[in-house]
Amino acid sequence: MGRALIELLTYENPVLRNFCFWSAIMLMKMILMSIMTGFQRYRTKTFANPEDAGKDNECSVNDKVERVRRAHLNDMENILPLVLISFIYVLSDPIPAVAVNIFRVVTAARIWHTFVYAIIVIPQPARAIGFFIPYIAMFYMAIQSAIVFVN
Amino acid sequence: MGRALIELLTYENPVLRNFCFWSAIMLMKMILMSIMTGFQRYRTKTFANPEDAGKDNECSVNDKVERVRRAHLNDMENILPLVLISFIYVLSDPIPAVAVNIFRVVTAARIWHTFVYAIIVIPQPARAIGFFIPYIAMFYMAIQSAIVFVN
Amino acid sequence: MGRALIELLTYENPVLRNFCFWSAIMLMKMILMSIMTGFQRYRTKTFANPEDAGKDNECSVNDKVERVRRAHLNDMENILPLVLISFIYVLSDPIPAVAVNIFRVVTAARIWHTFVYAIIVIPQPARAIGFFIPYIAMFYMAIQSAIVFVN
């Protein structure tokens, strides 16, 4: 490790800055799925709870709602560990140019994944590409971190 | 940014202290949902796996169990990104009085959300209020952080 | 608190090193569940989306797929808060020998949990043990952190 950890935790470190910026963007994208689910529930009158459905509707299941919910679950399965692994990777003192570009590409891929899954459905491998780029990046960052921090 | 990042990472910084304290409380609340689910499964003899059901019971679905599970899923959709966004927001050097109050209000709102969703069901907009206060706070904190850390 | 927070954030701190190492291992284990789900979907021809099923298959539900998905969801319910609580606990300046062993035992227990849930199903209490060791550790770490960071 070329630098001490304390030198990484500065506003001048582009890796930390980009981690914070792109993680904020990616997490906002993820929580927007709640609004999308609510909108699809309202539009299709598909409710999960009696107190939401009111007297005029019953609880039901709708494919458009379920599709958004699957996209949301996939975000949680991937974006949450991505942010955690990325943070550990920031602490491992990575090569700045590599780290910054990983954060950018991964965020773009996750936005693409949502677009082809829940907004305009595009045949495979469109969604698989959006899934595997961040997925492989997670393993890369986790293995790099494990090597730096082992014993 | 008035202060260097290193000055934020001290035990004297009320923003960091409150982030750690309220996040610990909120995460404990979230994981308590597992116990609530287990309790409802046991009480209603509703099991998800044959090895849990034993010889005398079959796997089934029960509305009380599903309600707790929906509350748990909603916690995961909101509390996990909340803690992550809050941490990035801490690093963005926010105004202490604003940040500390956000952490307090958000934790209270999520506890309220669980109460009206899974313990005593209260008609809307009770749950919607518990949902939207932390939800809007997340966007506020994420946008503030994105502005501080952009390029 | 015997040491300043800044002294914790060094590559020499075994608590931080072990947190980073074991969290990376545990998060990799969690995201491997996506591959396991995909493998089970492919093997049993059980697809969630029409664009994945193609013309020859229909969307369906399969018990082997659902079992892996339940194990994955359980990981998200536990491993994600574990990593977050562990990080706050690292900042609370715990006794190094206690913290390091918690991280080791918790990671081993979660790997065991997946093994007996989704790979070779072993009767209870095999899975319960793998669940409760990390679960109790989470409360211990969260309460310790809350005590250190209160007001």
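Every chain is named by a letter (A, B and C) in the order it is written, and numbering of its residues begins at 1.
Methods note: a residue touches a chain if its C-beta (ideal position, glycine included) is under 8 Å from a C-beta of that chain, and two chains touch if they have at least 3 such contacts.
Note that the structure is predicted; figures quoted are calculated from it, not measured.
Contacts between chains leave no pair untouched here, as each chain touches all the others. The pairing of chain A with chain C is characterised as different-residue: of all residue numbers used at this interface, under half are used by both copies.
Bringing chain B onto chain C by least-squares fit of CA atoms involves turning it by 120°, to the nearest 5.
Separation between the centroids of chain A and chain C, computed from CA atoms only, is 17 Å.
Shared interface positions of chain B, i.e. residues touching 2 or more other chains, are given as 6, 9, 76, 80, 84. Interface of chain B with chain A (complex): residues 1, 4-6, 9, 67, 70, 76-78, 80-81, 84-85, 88, 91-92, 121-124, 127, 135, 138-139, 142-143, 145-146, 148-151. Across the interface of their complex, chain A is touched by residues 6, 9-11, 16-18, 20-21, 23-25, 27-28, 30-31, 33-34, 48-49, 51-52, 72, 76, 80, 83-84 of chain C.
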